[in-house]
Amino acid sequence: MKLENMYQEIILDHYKRPHGKGLNEEFQAEVHHVNPTCGDEITLRVSGNEDGTISVSYDNQGCSISQASASIMFDQINNLNFEHGEGAVEHLVAMLQRAEDPNEDVLGDGIALVGVAQYPARVKCALLPWMAWKDAAIQAGMKKEK
Amino acid sequence: MKLENMYQEIILDHYKRPHGKGLNEEFQAEVHHVNPTCGDEITLRVSGNEDGTISVSYDNQGCSISQASASIMFDQINNLNFEHGEGAVEHLVAMLQRAEDPNEDVLGDGIALVGVAQYPARVKCALLPWMAWKDAAIQAGMKKEK
Amino acid sequence: MSTLDVAAIRADFPILKRTVRNDRRLVYLDSGATSQKPYQVLDAERDFYENHNAAVHRGAHLLAEEATDAFEHARANIASFIGANADDLVFTKNATEAINLVSYAFLNATLKSAHKKALPPGSERFILKVGDEILVTEMEHHANLVPWQELCDKTGAVLRWIGLTDEGRLDLSDETLFNERTRIVALTHQSNLLGTVNDIPAIVKSARAVDALILLDSCQSVPHMSVDVSTLGVDFLTWSGHKMLGPLGIGCLWGRADLLAAMPPFITGGSMIEVVSMAGTTFAAPPKRFEAGVPMAAQAVGLSAAVDYLRVLGMDKVAAHEHEMTKATIAGLQSIPGVRIIGPEDLVDRGSAVSFVIEGLHPHDVGQVLDESGVAVRVGQHCAKPVCTRYGIAAATRATYYIYNDLDDVEALIEGVHAAKKFFGV
Amino acid sequence: MSTLDVAAIRADFPILKRTVRNDRRLVYLDSGATSQKPYQVLDAERDFYENHNAAVHRGAHLLAEEATDAFEHARANIASFIGANADDLVFTKNATEAINLVSYAFLNATLKSAHKKALPPGSERFILKVGDEILVTEMEHHANLVPWQELCDKTGAVLRWIGLTDEGRLDLSDETLFNERTRIVALTHQSNLLGTVNDIPAIVKSARAVDALILLDSCQSVPHMSVDVSTLGVDFLTWSGHKMLGPLGIGCLWGRADLLAAMPPFITGGSMIEVVSMAGTTFAAPPKRFEAGVPMAAQAVGLSAAVDYLRVLGMDKVAAHEHEMTKATIAGLQSIPGVRIIGPEDLVDRGSAVSFVIEGLHPHDVGQVLDESGVAVRVGQHCAKPVCTRYGIAAATRATYYIYNDLDDVEALIEGVHAAKKFFGV
């Protein structure tokens, strides 16, 4: 069974005991992203910290992959600045859609999502929280024009 | 060549020297029928005579089959009553679409149209004037309710 | 088991010979989304292309004649399958377009009337006033819901809907839903998520009492049971070819002749016209009025072969066969702790779509484990999000059956559900 | 003769092996109506059905993944054929639907705005006021005329058109046709009756000067010449798969990304939504927003194979090959007394559709004699009645060429015309 490649122990752990789930009262931008075919949903809020980093909070429902991915995203991106956060998102996309080798420094437990790449229909589940973060951060004006 | 089956001498004669072409000034109903794929057109007028028969006149443009058929229609139907005229129309339909044996008493030169049945795309051409007559006669209220 | 020789049927479907993940045999339980195609259908379509291909209704040469003949024979054959006349059957690209065609007939009649433009005699039935009502149900597929929402948004008509009981049936207790403002009742024959088969005679009676039109979305009925418009009493029937062994890219609208004749066109262009000038255009009679452009003739020929295939099996036998599998599925699922069936659990007036959720497990994950063992089900909202909302679920796992399935497939499903629970430890 | 190996090409087209009336070889000169299909296309479509068939974008099982992959790869490949991004290519059932999709974007934006309903940002470009103008030409196929007439009938916008010169070209002398009321210019790249290839840079310049959108009907250009949207400068491109070796039942709309994003949907239903409730619905981004219902995935895969086939030949070679045949046809027809060519007789900016009439002979009769000798041409109004009216003819005979034709076919046509004259004694 290849199933264990996707559902690694570490993914199931995040799924069962998600990190950072629950919305902060205060926020600068809130987005609601959905995956209309399967019903995954996430509400995500961002607010800027004084040091230029971004704090994130979320609430969601969905499959194990999207929930674990949200938990991992929280670990990796919370309190990063936009540039670093965006780098992590890009890196996840590269790993899932272009089979690039993952970098544990950037993705943390996210490297365990590598097995998802074999199931194109699930890639969207894994990306959902990360894309929501990027959208929210841009809406909050945290992307600096160059 | 089967072509001669459709384009019998008698058809080509009607085509080159059509009978009754030209519209009467007086009429009770006028219809304009077209065959939109090929551009055949007919304008046809009917008016009732005192004896209950219907006089018909027409002007048209189109292929040899539709023009010859109009000329033959004029010969066969002009100054018939609705019932007899409709009978002739039905008989032509039966010959062209259901391969029924033609009756020269009813169709006159129209029996020479029998070869058209082999070319389904042309059946519409042959029927056009006859259908126009029927439509006009009905519009003029010449069909009696039973 | 049953009335169909499933082994013989399976031999006609090339895709069933392939294996899927882990070299498992394919257990295809997603025919509700689209069915597989037998050789007979694929061969008919290919024969059209290899021997008779031409643009239909647009030429006088031999190929054009043959193609036109094949296309119109297909129309007549498909029409006769639902007890209809060829002239009253319109080909569309799918059921979705067929439903939109009717909703846009209302829109276009309303607008043309407002702008004092020519309309066919009888079109008053399609002219809406602000406050007129469109009645749907809470169990509609998005294809039979969103077009009516859109129509209301653009005309000031009001969308109303028949709610659902906890058992997954229409709640017909509110009789005021049918009233003198109701212009059309659009509902599904069989719910693609719940499996419910609706009581059409009751709906027809209520709709007729207020002189409303009735559109029946038959996507999930025409492929699975005997449907005869000459006795159903509805005004429009819409369905897709691809769910009944036919090719992708073809759908059907049947309409009562007087209504089709009274409807303005939807998509306009070539082949649906009578006389065109730069200043204005007059339109052909139905069904051509609604078939602008070069049509999907090869697909019509394929669908006609599909109809022949089903006719030989017999639609009553098809329904009986599916009924057996439905019964076994419901019994099997009921025996598993934590499984909740969404939709009727009794077997009366119920088709073979069986949806369920498992306590503590997301359908996507259930589907993945099933897929790993070769069982293809659909997971998600099934284009029926309001049904999910009604039953308090985000999504569901759905098995749907067809003529090539049997009780072994049911067993594979039930085993897969056990495996999923085990894998995730719930 | 030329740049293409016609014998090798012909071997790929099964239908060219059949004989027609009187056991004649098939001389197919009706590709302008629909082209024939090579094995490669038929095989690709069949492979999809036999091995990967499922409803795309609707399932998580292996087949659904494979089908979705095949469908989206086809989209990307077809888009790249015209120099476009996959996301900007919408699949429709034919070109006619593609054009209607744009005309209905105007209608729906106008109505939703009037009813104060949600519209995508940027949709102002599609909201019409009474007196706004839609500009077409007198040489349009009905598919690019009637939808705009209908739009005007329903909104109070005004249809204007660019007339034609006696030579069969656009008469661009009236500059006031492009003015500040002009909202969209919809015209054909190549006339299906006249063969004229229009001067798109000139049109683009005039349209841009008044900030009008431009829709290019490319039904007769994409199959026959190299077309690249990244340099053309138009906003929308519409064409049909079946005229370029692809299956029936699929058409394409390419649109500029910002414009597609600003357009409200046309046909609504499943797969084009974001969130649905009984109270209202939000829509997906393009291209999905415009692809409601289960799409024609097998046909997309077939069309992708067609694009590959043409790419290997090279579109410049295809155009050069057709040019040779056009030249021979015009010369051949000019040498026959009583023959009048409808459309440009010079060979500059001219495609391979050659239409003509014969003094004293109706095209239907000409076509019949040609058919008897195996030559399949189209006769009639070619879905372009205003062009017939403009040139004072009731109908015309038309020959159109493609990659599987050669100079022998031209000769067969010319001989057939002589035979027709002889048969009818004119």
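Lettered A, B, C and D in written order, each chain numbered from 1.
Everything that follows uses one rule, which is that contacts are C-beta pairs under 8 Å (C-beta built on N, C-alpha and C of every residue); 3 or more make two chains touch, one makes a residue touch a chain.
Computed from a predicted structure; not experimentally measured.
Engineer: Identify the chain pair joined by the greatest number of C-beta pairs in contact.
Structural biologist: Among the chain pairs, C-D has the highest number of C-beta contacts.
Engineer: So, comparing C-alpha centroids, which chain is the farthest one from subunit C?
Structural biologist: Max centre-to-centre separation from subunit C belongs to B.
Engineer: What is the distance in Å between the mean C-alpha positions of subunit C and subunit D?
Structural biologist: The mean C-alpha positions of subunit C and subunit D differ by 30 Å.
Engineer: Taking each chain's centre as its mean C-alpha position, how far apart are subunit B and subunit D in Å?
Structural biologist: Between these chains, centre-to-centre, one finds 37 Å.
Engineer: Between subunit A and subunit D, what's the gap in Å when you average each chain's C-alpha atoms?
Structural biologist: So the centroids are 44 Å from each other.
Engineer: Hunt down the residues of subunit D that sit against at least two other chains at once, touch-wise.
Structural biologist: 21, 58-60, 64, 273, 275, 364, 368, 379-380, 385
Engineer: Which subunit A residues reach two or more other chains?
Structural biologist: Counting only residues that touch two or more other chains, subunit A contributes 36-38, 119, 122.
Engineer: Can you list every touching chain pair?
Structural biologist: By the stated definition, chains touch in these pairs: A-C, A-D, B-C, B-D, C-D.
Engineer: For a test of understanding, state which residues of subunit B touch subunit D in their complex under the given definition.
Structural biologist: 1-3, 6-7, 12, 36-41, 61-65, 119, 122, 125
Engineer: Provide the residue numbers of subunit D that touch subunit C in the complex, in ascending order.
Structural biologist: Residue list for subunit D touching subunit C: 14-15, 18, 20-21, 26, 28, 30, 33-34, 36-37, 42, 46, 49-55, 58-64, 92-97, 99-100, 107-108, 111-112, 115, 117, 138, 141-147, 149-150, 153-156, 159, 161, 240, 242, 247-251, 265, 267-273, 275-278, 280-281, 292-299, 364, 367-368, 370-371, 375-380, 383, 385-386, 389.
Engineer: Applying the document's contact rule, which stretches of subunit C touch subunit A when the two form their complex?
Structural biologist: 21-22, 362-365, 368-369, 372, 379-381, 385, 388, 394-395, 423-424
Engineer: Which bits of subunit C are touching subunit B when the two form their complex?
Structural biologist: Residue positions touching the partner: 57-60, 64-65, 68-69, 273-275, 284.
Engineer: Under the touch definition given earlier, write down the residues of subunit B that touch subunit C in their complex.
Structural biologist: Residue list for subunit B touching subunit C: 34, 36-38, 119-122.
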